[in-house]
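Should a chain be cited, it is by its letter among A, B, C and D, assigned in written order, with residues numbered from 1 in that chain.
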Amino acid sequence: MGNTFGELFRITTFGESHGPAIGVIIDGCPAGLKIDQDFITRELARRRPGQSKITTQRKENDLPEILAGVFEGKSTGTPICIVIHNTDQRSRDYSHIAEKYRPSHADYTYQEKYGIRDYRGGGRSSARETAARVAAGAIARLFLIEKGIDVKAFVSEVGPVKLEIPYQDLNLDETDQNIVRCPDPFTAGKMIDFIDQTRKKRDTIGGIITGVIRGVPVGLGEPVFDKLHANLGRAMLSINAVKGFEYGSGFEGTKMYGSEHNDEFFKDEKGIIKTHTNYSGGIQGGISNGQDIYFRVAFKPVATLMKPQQSIDMKGKETTVEGKGRHDPCVVPRAVPIVEAMASLVIADHYLLNLKVKL
Amino acid sequence: MGNTFGELFRITTFGESHGPAIGVIIDGCPAGLKIDQDFITRELARRRPGQSKITTQRKENDLPEILAGVFEGKSTGTPICIVIHNTDQRSRDYSHIAEKYRPSHADYTYQEKYGIRDYRGGGRSSARETAARVAAGAIARLFLIEKGIDVKAFVSEVGPVKLEIPYQDLNLDETDQNIVRCPDPFTAGKMIDFIDQTRKKRDTIGGIITGVIRGVPVGLGEPVFDKLHANLGRAMLSINAVKGFEYGSGFEGTKMYGSEHNDEFFKDEKGIIKTHTNYSGGIQGGISNGQDIYFRVAFKPVATLMKPQQSIDMKGKETTVEGKGRHDPCVVPRAVPIVEAMASLVIADHYLLNLKVKL
Amino acid sequence: MGNTFGELFRITTFGESHGPAIGVIIDGCPAGLKIDQDFITRELARRRPGQSKITTQRKENDLPEILAGVFEGKSTGTPICIVIHNTDQRSRDYSHIAEKYRPSHADYTYQEKYGIRDYRGGGRSSARETAARVAAGAIARLFLIEKGIDVKAFVSEVGPVKLEIPYQDLNLDETDQNIVRCPDPFTAGKMIDFIDQTRKKRDTIGGIITGVIRGVPVGLGEPVFDKLHANLGRAMLSINAVKGFEYGSGFEGTKMYGSEHNDEFFKDEKGIIKTHTNYSGGIQGGISNGQDIYFRVAFKPVATLMKPQQSIDMKGKETTVEGKGRHDPCVVPRAVPIVEAMASLVIADHYLLNLKVKL
Amino acid sequence: MGNTFGELFRITTFGESHGPAIGVIIDGCPAGLKIDQDFITRELARRRPGQSKITTQRKENDLPEILAGVFEGKSTGTPICIVIHNTDQRSRDYSHIAEKYRPSHADYTYQEKYGIRDYRGGGRSSARETAARVAAGAIARLFLIEKGIDVKAFVSEVGPVKLEIPYQDLNLDETDQNIVRCPDPFTAGKMIDFIDQTRKKRDTIGGIITGVIRGVPVGLGEPVFDKLHANLGRAMLSINAVKGFEYGSGFEGTKMYGSEHNDEFFKDEKGIIKTHTNYSGGIQGGISNGQDIYFRVAFKPVATLMKPQQSIDMKGKETTVEGKGRHDPCVVPRAVPIVEAMASLVIADHYLLNLKVKL
């Protein structure tokens, strides 16, 4: 279970790292949406390994094949199925870990849970699975673009290197101008250096991605358990390597007084209700209030290291594990499109959920 | 929508702050569980306002009435319905805000979303709703106790006052020994002082609750979207006033190298597989690995202040809002049983989901 | 599990025959709907035992208490909770069957499934549970009335007595003019006689209810698994004592040639697309086509007899069982409002599901 | 929506008749199940057109490709994805109906609902969709075989030709010995003749399939809305062309007295509780009682005729429609494996749902 996400804009994914293919069924995409296949391909390319010296050098082709749900270039209202074939599998790279439990991977927990696992490249627990999310998220983004909603993410921290400029003062269209996907070139340079040094040490480092969603109408989000930020949080925490989620003032907000933190309402010159500050992060009582939604997602350092670590094997014997092949020293640059995809899926779903609440 | 939580151990809640009652249906509780009604009552008492000088002085009786699903003291496998009547409603306290949008409350978003709202005490968006969660969570805890699983939470930060002792070195059974629910008496004293000073300023302050779950068997959690921590995160983020969630190393983990962060496996003297460190927070690949699960939940300062704030009313006219009656200066002491309840619901649900995964 | 019905207009019921109360949470009712509490009470009165000599003489008060979700007479978009207290329980009537498995009841299967059961009046398996459906269905009907959709049901067969007049030639507003709820007075008389004779024999008899839904817009129903008639069928089959469901031409349609059965399209004088015949029963490919939806529901004879039957008890010993107290000789007259309620819930749910399918 | 079926053994299907492929994701299949790919292929072959003179002569290859979820021949607990490529599409056959609404097809309702449709071969509404169900059902059957549960279906009526022998007196292993899939050779001959005559008239005819499930343990089925027969009924009614469903005594049972209809319990020589008769159809109170489950499914005559019919086109103009190419004169022989597949999916799902109901 657990391979389905969303209520009305609902995706179900499948696929192992080294099986024939991964893919996704998108059920609930409204009919009549122009499906730009090149857009999906470009989004997949952004997630793809091998884009630069600071990401893994695997070459994944990641050409999305649409098997259903699109007719004459438009969605038909029936399930859209997108398949991405695994073309660069190199199964031999993984034989050395068939019997071993890699530290801080899912080898041990999958084996215990299921009694069997596809050990090649982590199988279902591989980050390869996120390609299916990006493909589905691209469809959601095409829908949101029609509705005037803009979803953006960028790298705001890499290890100790932090982007100090608030997102409002950045041009988020420039995020992809550098290989670390930080929209400030100066900070980007420092991040790239840090990752490169880490790579040379055969080590890895964590980081933080900030997401910003603009143009969301008032009213998205369901009270109580499906609060908009609760579903955004679940979406982000379901991405491999994520350790934390905060929105609006987040953890820092716990140190503020109510008199500082409250966002006072006013009516602007056009008669639109806004707030002076936005510590609420665009969501009040779990429902969007029309202000920018912004959030931060914490990623741990990649668990696969290019140096030996102590561990045990399936028989409980001590052994050592050492990463081989091609792995990222830092996951956040490639995770930017994944964060955008998951955010888009959540917003699209809540957009549809909100269509029927008034008589 | 959004009033149902869980797949197999599933709750659906209802009720407004100033309606006749709030309550919950629990569907999926295994049959034959001894239902200790006093335990439910005690859990509700822990959440209740008016427990001390640092919490609101409202007197809510919160006597749970079981309407269905229990026969001769045991669960029958049919839905358990628990109703808690609203006995101390004092509707007149709220008439002054019927037309006003309180800053950082849900008044504006509910009004826009639904075109109508029960403005008395915040209606459905009131923290009163969490009493239903605590009642349901008590049932889940009774189930988990049978399975040897222990769920605990405590206050670890109040504004700038931070508990620096790791949870392993604390006696979590002493959490309720003081009114702020911090298991270290020294830090508790500082927290109480800080809250009391804040209250005297007619202001409010945020805080952080730490949760610890021990005795969870290996294998709980579903890969991909229903990762155990993703569902814990959604559960916590769905609680009123929560702004962030992290587990294991959390946001701090983003600053660590992989060689520091990885949890190396070993086999203890009894032949049980464990990890030397536990930055993973007891969850790897979304699945419990048998180590302690621990997490932190960030609560913003309470939005209702005892001093005037600028705002607008439903007609868009400028106005001022000032809290009246009885409100908490800091929500975290009373939120401890809510965090425990939501964690218990998630673990109970995943316990049941995990029963059928192997042939 | 299994106590929730519907996707967007979703109900969850609870309650045992002889517990304190039964009830329902309705989640997803659009905000702003005028909630006529008298209408709910009247619908419950139609289902109530003791209405006539041909129904059981128990007196159930069945006054619906609305605990949440309604403010100033209108739905607020939050969950509506309706509770109906069990006021006429007479537990002593059931002590004689505590240890016995009544033939063709759910005693044995509940006991085996759960290892425990509330044996008083059948507990959760009692037809009393359907009162919660009728209350929820009344809310759905109020919604459908706003949309111009009319849901009607009537008794069309009792044992060998069959109403031969097609529904189009009947005045369905006269259904409640007689105690058997057959809109043709002549047939109704024969049905009443037959039931009365059966009752005198201390026996019971089955029957058939026909449902007719008019004014359904084109487009309701989801392809593949949630075809409109599939969900109607599930809804009807979930009612106690139902053994079969057919719609449109039904089982008789299997004997027809395609050239007879096909419904040819035409455009009427107003330019509306219609079909000359309606063997499709208003649904094509699982989606409503604007014609009348009609269906038939088969009810078995009531299992509780006023004469001794062979059976076994919980220890596997042979015993006899004999009905005591107050039971219907034929369930169909009282099941008419239940069929209408379930049909209304299905149509309301699909109405909401259909709001988001086009861009 | 509506392309997902089941709770714990859950399938999601996709695909249009003339798109690149159809397929299914199966989520929740327990790990460790031996996946016999030949078995899936054989089941698909049973559903395939072109098997005999009484079925359509299209040649569909229907080779299932497993893209995920199986490792070294066994299920891994992750989603199983099966794709079946559409190799014999002949799109040109359908150009003549692009603008026309075929009588008693889904052309009109899909067009109205979605504003767009893949008109080639009916698109998503084509019976081709059922191949995905058969593939998924094959996996469910492999699971049920492990549990000793046997699912069988056979043709019991074709137009006026009825199999009068009760299923207990038939050898259901002989169902596939003839092309009409009726286990009694004499009746089969009459059915084949009738279909052949119908075909020569360029007409079509309906029929009935009987299903029998043996070896189901006591306890499957959830009370109230997910009664075992309610979910079986929904499953069957979701198959194209189905107009009715009944189980046990069915519609005939409405004419019986309770004293005839009740199934009296006894204990057999091995101490197993059974019933003398089985009008309940193996289900009491929605829960299996260990006796055979049996049911009947009504299929209407195929709507595509080889002779002209009146209709209208998308502009509302009168036109005629005439079937071209290759279509079945009677759907029931090929629907037998579909009925078995859907029944298997329901039972597998309820088997898993029943694993967690007792403490």
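Following the convention adopted for this analysis, a residue touches a chain if its C-beta (ideal position, glycine included) is under 8 Å from a C-beta of that chain, and two chains touch if they have at least 3 such contacts.
Note that this is a predicted model, so its numbers are computed, not measured.
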Chain separated most widely from chain C, comparing mean CA positions: A
Interface with more contacting C-beta pairs, comparing B-D to C-D: C-D
Chain centre separation (chain C, chain D; CA means) in Å: 26
Distance from chain C to chain B - Cα centre to Cα centre, in angstrom: 39
Centroid distance [mean C-alpha coordinates] between chain D and chain B, Å: 46
Multi-chain contact residues (two or more partners), chain D: 1-4, 8, 13, 28, 31-32, 75, 77-78, 113-115, 124, 223, 357-358
Chain A - residues contacting chain D, complex: 1-4, 8, 10, 12-16, 19-23, 25, 27-28, 31-32, 65-69, 71-72, 74, 76-81, 83, 113-118, 123-124
Parts of chain D lying in touch with chain C, wherever the complex brings them together: 1-5, 7, 13, 101, 103-106, 108-110, 112-115, 124-125, 129, 157, 159-160, 198, 201, 203-208, 218-219, 221-227, 229-231, 233-235, 237-238, 240, 243-251, 253-267, 271, 273, 275, 279-281, 284-289, 296, 298-305, 307, 309-312, 316, 318, 353-354, 357-358
Chain A-facing residues of chain C, complex: 8, 28, 30-33, 75, 77-78, 143, 146, 223, 352, 355-359
